[in-house]
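Shared between the two complexes below is chain A, which pairs with chain B and chain C, respectively.
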Partner chain A sequence: MSRLNPFAKLPGLNAASVLLVENEEHFQQSLAEALVKETSVTVNVRLAKSFPLPVENDESRPRIDLVVFIINLTSELSFQSAEASLKYLEPGYFLGKVCFMVSNARSSSVPAERLDAVRRLAASLHCPLLFAEDQTQQGVTNAAERLLTILKVAAGFVPFTTSLCLSNLTRSTLPPDIDQPSFD
Partner chain B sequence: MGLFIVVSYYSGTAEGSKEHPQSTVLISDWSICLQPGTRKTMNDSSKLLLQRIVRRIPVQMLKTTLDKWGRLTAEQRQAIDFTQSKWALTQKLQSFCEENEVTLTRLAELEMIHVIENPNQGMWYTFQLLDPEDDAQSLELSEFKQQFKCHLSELLRQVSVKIKKHTDEAVWIRIAWGGSFSKPNHLKPTYVVHHLQTPYFFVRNLTSKLKPLLSQALTLATRHQGVKEANLSGRNLASIRDLLMRQYQHVFPTKYPSPHDEEDQPVLNQHIEKEQGHVATHRRRMAREVFGDGTLPQLQSAVYKLDTKFKDPSNRTMTEREDTFKCVVKFSSTNLLESLRSCASSGIASAPVTPLLSSIPLKGRNYFVVTDNTPGPSSQRH
Partner chain C sequence: MEPLGESVMRTPHNGAVVQRRSKTRSYRRSYRSCLGTTSRLCLTPALTTRRLNASRRAVKPQTLTERVDPAHLALLVKSEWQLSYVTPLYQFRHTQLKSYSKQLSAFIVAERQQGLAVEVSELQNSYRVSLSVLQGLTESENDPETVLIQIHSKPLFAKQDEPQRSVWSGWLTCIQGSPEYLCSLSKDFTCLPLFGSRGPEYLSRVVKSWFQKTFDCCFGPLEINHTSLQWFVALWVDCHSQSNIQHLKMLWTVPAEPPLQIMYTVDPQDAWDLWNSVKKEEAAKEAEEVGCIELEEVSGYLEALKSHFYRHFRLDLSAGILTQVSTALGLAKDTGRIKMSNSRHVIATLTLLTECALLKMPI
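Coming up: the complex of A and B.
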């Protein structure tokens, strides 16, 4: 089973690569288009549905600086697919090079347990958890901006800051009352 | 159905009354010609039919339909002002029809012309003829017409049939049904469309009481031995015909798909790359293989009648019941096949497409009964 290795390849010049993993393959498209608009850095976006990634692309794939798991909270399958994909990443990625992005958290049809489960997952892996709104253009732009901040650090464009350092500041923590029943 | 009335003419000459030779007049439609020269007034059923026809046909199409009908003279057609209200138009047409002595059957022709031009109102149901006899393939239109009228009038005396052949080889039949003692009701006609030498016919507006009569007459007239429901219904006649005769764009499975299939992909930015692009392409290809390419025939619904045992491991009470769980699942859409195709190509429906969905275009049906014994929908296509 070949895992994705964060430091096996050399980085590109003035380039940052991000891998967006989403089961529905819907939000990643608009997010990718917003990400490549960045001018100061060349952003390469790779889109995938789930791990394992096809072996044929191993040669041509650049070094992935940031892996983003996009989870649609309205679908249980989305969460399970993201969870199952985690074992295909080398542990090196979990030092700040993995990020979780959640969409549709405001939807009333979402059971509270699912969001709690995502929080627990993110907290146990010490990864940041971002909430995004994918229906409007503004929401997509905002999500892209926040991702770019983390991406630039992960790719090494911000002096004196490494992704491990940033992850200490941005990592998700569990609220202390997560085990209490909510007032819905 | 004719009434013989003997009318004797007496001429009042000075020589005294002399009886003219008797003349017999065959009267139909119950309208009696009192004296030669006066105009007949239309009877109530004709008036009602005319009113309904004018109401149904939109004004833009009324002019062309009347021209096609050809029962009005050129001056009469010129005299009609199509910007008037429908009621005024009806009155005008009524007076012209009375002038030209247009009968009920001629009015029915007008309705038929309109329906042939606009077949997509109401629901069409499909039937399939079974077991053709040896000479079924050589059936000719004139023979079919004569046989059908003959058989139908044998079964039900009071029935009014009109048969027309359309330019695209379709035979249109309009039937106004009567009872044993009542005249044919032209306000609720049944329309039948049949292509000769094919085993299918499409019916609109037929009650279940009259279904066996029609089926028998058609079966005998087309020289088959049986008929069954083909379980396909829809609003758009051309679509259900195309679906049944497989006249839409097919995509055949190939080992080496041509590069022009990739053209549909939206052009991505050069910096965006898909890791698993071949999966999406493969899915789209399979969806197109099952449902077809390009514009698909329009179906409005698909109904699955399930008669299977309840299977859900998390619900023990329902699973433990002995008898089957009966339920009906209905998919409806403005263009059902189009939406199923995009479900399959976007991954919402799992690929390869389940036989429950792929049977719709493959077997040309949209009503299925699913039981536990069969792995897929029951009944084979002949």
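Coming up: the complex of A and C.
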């Protein structure tokens, strides 16, 4: 099983590559369009539904600086597919080059357990957890801006900051009462 | 531990000590702890817990006819109710219901004069409001009695002796609310977290604004989330041996292009057989767990239904959203509408909904 390796290739000149992984393939389109609008660096956005990635693209794929898992909380399948994709990444990615983005967290049909499960996953992998609003243009723009901040660090464009250093500051932690037992 | 023959649905005792307990002592302290927990996105209150019970006692149907007035019971089961949650009411007295009725009718009249409570097609002559206590629904001694609100009126061109029809009804209830929470409230507050209403929207709005003004409480929409709908499926299917559920229908919305709505109907006997195979062996359980339904069993049951669907149609229902669950015992929609069709299971349904309301309440 071939895993994605963060350091196997040379980086492009003034370029940053991000891989958006989403099971529904819906939010990643609008997010990609917002990301490529960035002018100071060349942002390559690659889209995927899930891992493993197709083998035939291995040669032409640039070095992926940041892998973003987009999880739509209204469907269980989204979370399960993201979880199943994690094993196709080399451990080197989890030093700040993986990010989780969650959409529809405020929807009323979402049970609290699903969000807790995503938090636990992000906290156990020491990855940042971002919440995004994908229905409005403003929400997509905001999400893209936050991703670009992390992407620029991961691609090495910010002096004196590496993604490992940033991940120590941005990693998600579990709220202290996440294991709160229910009513007795 | 009560004997198994008791037909109550009580949330089982958890041996683990809840650290939160120290924070539930006073109202002021709970406000401070609210400020500290701002990082969570969902409406998780600081006093009450973050999620529903992981296990519940199985439902025993109870004939309520000897405890509750049959007319009231008939009113509860015949129609679909829109649910809201209510924060605790300040200085609400069950003894002053008559004066509350008068105040509410005066308020409705005032609103109509201001032009806020009028619908063009229905020009009613006068409204008569009655608030009454629905005795007999509560299970534990901590629960305040259920309050029933009815608005009657006569159409504009009616004869003198024509009886007034009920145009709007609603109820405020608390069935087996968390005793820890109920005891932690100060004496002036009455906690009736679940509000159901049926009737024209403008009247619901007027009643809610009257309650908000008089008792300093807040109303909010109560949606039934995915986990609660799963619990309804399990509780209703579990009752099949006592009252025939006749069918199990689930409505799923799948985000295909165009969006697809799937009504998944299961034969009652098949649903019952599947439920029995998913439930753990009775003998293997501890003495106090017999009769309890665990969350794992519930999610296992839904997983089994979804995988059966997948085997036949190659469509994974996990990608969609469960929007509606219905059996002969009742109907539950995720927008917050509930219909309890069988009077023997009203208590069980209301207990689950009370828990949902307490969870959703911002205090």
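The rule is short, and it goes like this: the second predicted complex is superposed on the first by the 180 of 184 C-alpha atoms of A that agree within 3 Å, B and C clash if a C-alpha of one lies under 4 Å from a C-alpha of the other, contacts with A are read in each partner's own complex, and residues count from 1 in each chain.
In this section, contacts are C-beta pairs under 8 Å (C-beta built on N, C-alpha and C of every residue); 3 or more make two chains touch, one makes a residue touch a chain.
It should be emphasised that the depicted structure is a prediction, and the values quoted were computed from it without experimental measurement.
A.B. asks: Identify whether chain B and chain C fit side by side or clash on chain A in the overlaid structures.
C.D. replies: clash
A.B. asks: Chain A residues in contact: does chain B have more, or chain C?
C.D. replies: C
A.B. asks: State whether A:46 touches chain B only (first), chain C only (second), both chains, or neither.
C.D. replies: Only chain B; A:46 stays clear of chain C.
A.B. asks: Touch check for A:106: first (chain B), second (chain C), both, or neither?
C.D. replies: second
A.B. asks: Residues on chain A in contact with chain B in one complex and with chain C in the other?
C.D. replies: 24
A.B. asks: Where on chain C is chain A touching in the complex?
C.D. replies: Against chain A, the touching part of chain C is residues 11-14, 16, 18-20, 37, 39-42, 44, 48-54, 178, 180-181, 221, 223, 225-228, 255, 316, 318-323, 334, 355.
A.B. asks: In the complex, go through chain A and note every residue touching chain B.
C.D. replies: 19, 24-25, 32-33, 36, 42-49, 53-54, 57, 61
A.B. asks: What part of chain A is in contact with chain C in the complex they form?
C.D. replies: It is residues 23-24, 26, 74-78, 80, 105-106, 108-116, 131, 175, 177-178, 180-184 of chain A that touch chain C.
A.B. asks: Which residues, counting only chain B, touch chain A once they are in their complex?
C.D. replies: Those residues of chain B that touch chain A are 269, 271-276, 278-280, 347.
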